[in-house]
Amino acid sequence: MFSALANPARFMAFSRWAAPILGVIAAGLIGAGLWLGLNAPPDYQQGETVKIMFIHVPAAWVAMLAYACLGGASFVSLVFRHALADAAAKAVAPLGAAFTGVALVTGSLWGRPMWGAWWVWGDARLVSVLVLFLLFLGYMALRASIEDEAKGARAAEILALVGLINLPIIKYSVEWWNTLHQGESIMRAGGPALAPVYLTPLLLVGAGYCAAFGALWLERIRAEVWRRRATSLALRAALA
Amino acid sequence: MITVLSVEDLALQRGERVLFRHLGLRVAAGEAVALTGSNGAGKTSLLRAIAGFIRPIEGRIAFEGAAGALPADDARRAGCHLVGHQDGLKPGRRARDELLFQARWHGGTAPGALAAAERLGLTRLLGLEVRVLSAGQRRRLALARLIASPRPLWLLDEPLAPLDAASRTLFGILMAEHLARGGLIVAAVHDPLPIAARTVGIAA
Amino acid sequence: MNVVAVLARRELSLAWARGGGALLAVGFFVAAALMLPLALGPAPERLAGVSGGVTWVVLSLASLLSLDRMFERDFEDGALDLLALGPLPLEIVASVKCLAQWTVSGAPLAIAAPVVAVGLGAPVASAPMILVAAALGGLAFAFLGGTGAALALASRRGGLLIAVVVLPLLTPPVIFGGAAIANFTAGLPWGGALSLLAAYALGCVALTPFAMAGACRNAQS
């Protein structure tokens, strides 16, 4: 299916209807999930504030997914030298950074009533997400600071792949670090257990977030393709 | 050992600009080609594409040896000298150390390097740091590696620009000797070369 | 003469000259570490508690700053083209450069690290582990930092850009090294952390040259 989409014209035609439909699906799933979740009984330990999890946890999932997409698109662009793959990589980075930011902010808000602090280093997942945020920022900074677009794209691809290979090691090292300092952290290893009544709404919202991510990503790729076309048209007009 | 360089239907792009299309060129052992064209036409880019730094958007660049086609990467790494606008010389190092490194790096020997320095009139200057040399002296030092570590294909980007008349004549003799030994020369120039060469114009 | 040895000798002498070499790196290391007691106050217990960690952090910064123009100088004066058209693949050239950097800057920093840490209040008994961790970590910093330097070539902007790109990637060696030092000091088993650090450093040595060569070729194109 992806090779069929590789043709830019076909991709634009596909994404024209696919993006809005994904958006509608996303709205539906998130709406249903949140309705179920907010109506579920409050946690005996955390009360109503546990419900922030419905916004926070899927955002963290999508943040990881976004980086995987960044790595995948970069790999395709590097190996097959496909301009559309490069546009996809460029488009996904700020989106991934945004989801990561949401995960960090909501994670902090979730932690506040539970642990009394705005930020807790004892949550391994939160720390990994912070490092992930910095990886996105590094990618965007590198890309933005190279004026030549083609060279910037290539350098960013290499960085994305280096980051992708590093990411599991970073995750592992942060969790390892967390268990090492377990006595000092106020969180139980693995975090609070998830009650089954919360699982269904969480999965619904998670699926909704993925659909939203897909819709937004397709839209951003379209915008990037349009921008590139406009630039080359302007250049051709100027040189003619 | 490269005996033929062939460029077929080549198109190069820098940034958003296509420099030229459908460029063809064939250089055999003992031949020299002078690339001419206005500034920005793509002479330097063509030399760098032959050296393997720039990937063409169309066409191909191929190398042949006595026994047939040579893999491009091996041909470049073992058979090619590129002398660009910059000399590749480290300003803070002594001329002698830079020359010896460049010679050895390209497969030459220390005695060969010193003989090349002698040939180019650099022996007095070898003890100095590169940054105190004049532009012409630095260019001669950079050109010394062509003699110190022989390789068949010379890709030269305005090699004579900083040289004085006597040095140009000398280098002309060195180029003629190189061609007589079966070497190939592709040089981007604004003025005519001091040796017989075919002229190829680069234009959009 | 062996071509690798020829290149190594030159890179070592260039690394020595680059940015004042070892002396500047160690100077920065000490000057930055000095900030800690100035900022925290002289109370020994407070300093001692963070001495190992702060030493480790400032070490990583000193390593990064000292390789700032590792590729850029060669790129600017045309030497990178020369190195790419030589008998060795660019990947090996990049490795030799990073190894030279580690030898010239990393080794003195590794020797300075226990001195600085003890000066900040770490127990003298932890000095050997700090030395070993700094040496291994320095290897990872040199190769990952080299990758950042090569990637930033096309932008002509060194220093901060390289740091922003490379620092998140340094998470594993910083964690493993810090843990090794902390455990050693506390008398807990440190073998696991040290092996993880060593494995990570060797992994960098093996894999990052490909990224560095790719980034250099990108900048040269």
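The chains carry the letters A, B and C, assigned in the order they are written, with residues numbered from 1 in each.
Keep this in mind: a residue touches a chain if its C-beta (ideal position, glycine included) is under 8 Å from a C-beta of that chain, and two chains touch if they have at least 3 such contacts.
The structure displayed is predicted, hence computed values, not measured ones.
Looking at B-C and A-B side by side, the one with more C-beta contacts is B-C.
The chain closest to the protein's centre is C, with centres computed as averages of CA atoms.
Seen from the Cα centre of chain A, the chain whose own Cα centre is farthest off is B. The distance from the centre of chain A to the centre of chain C, each centre being the mean of the chain's C-alpha atoms, comes to 31 Å. Rounded to a whole number, the gap between the C-alpha centres of chain B and chain C is 37 angstrom.
We define each chain's centre as the mean of its Cα atoms; on that basis chain A and chain B are separated by 49 Å. Multi-chain contact residues of chain C (touching two or more other chains): 221.
Among the residues of chain A, those touching two or more other chains are numbered 148. Against chain A, the residues of chain B that register as touching in their complex are 15-17. Residues of chain C that touch chain A in their complex: 147, 151-155, 157, 161, 164-169, 171-172, 175-176, 179, 196, 200, 207-208, 211, 214-215, 218-219, 221. Chain A contributes residues 148-150, 231-232, 235, 239 to its touches with chain B in the complex. The touching residues of chain A, counted against chain C in their complex, run 131, 134-135, 137-139, 141-142, 145-148, 151-152, 154-155, 158-159, 161-163, 165-166, 169-170, 172-174, 176-177, 180. Against chain C, in their complex, chain B makes its touches with residues 48, 51-55, 76-78, 80-82, 84-93, 97, 101-102, 104-107.
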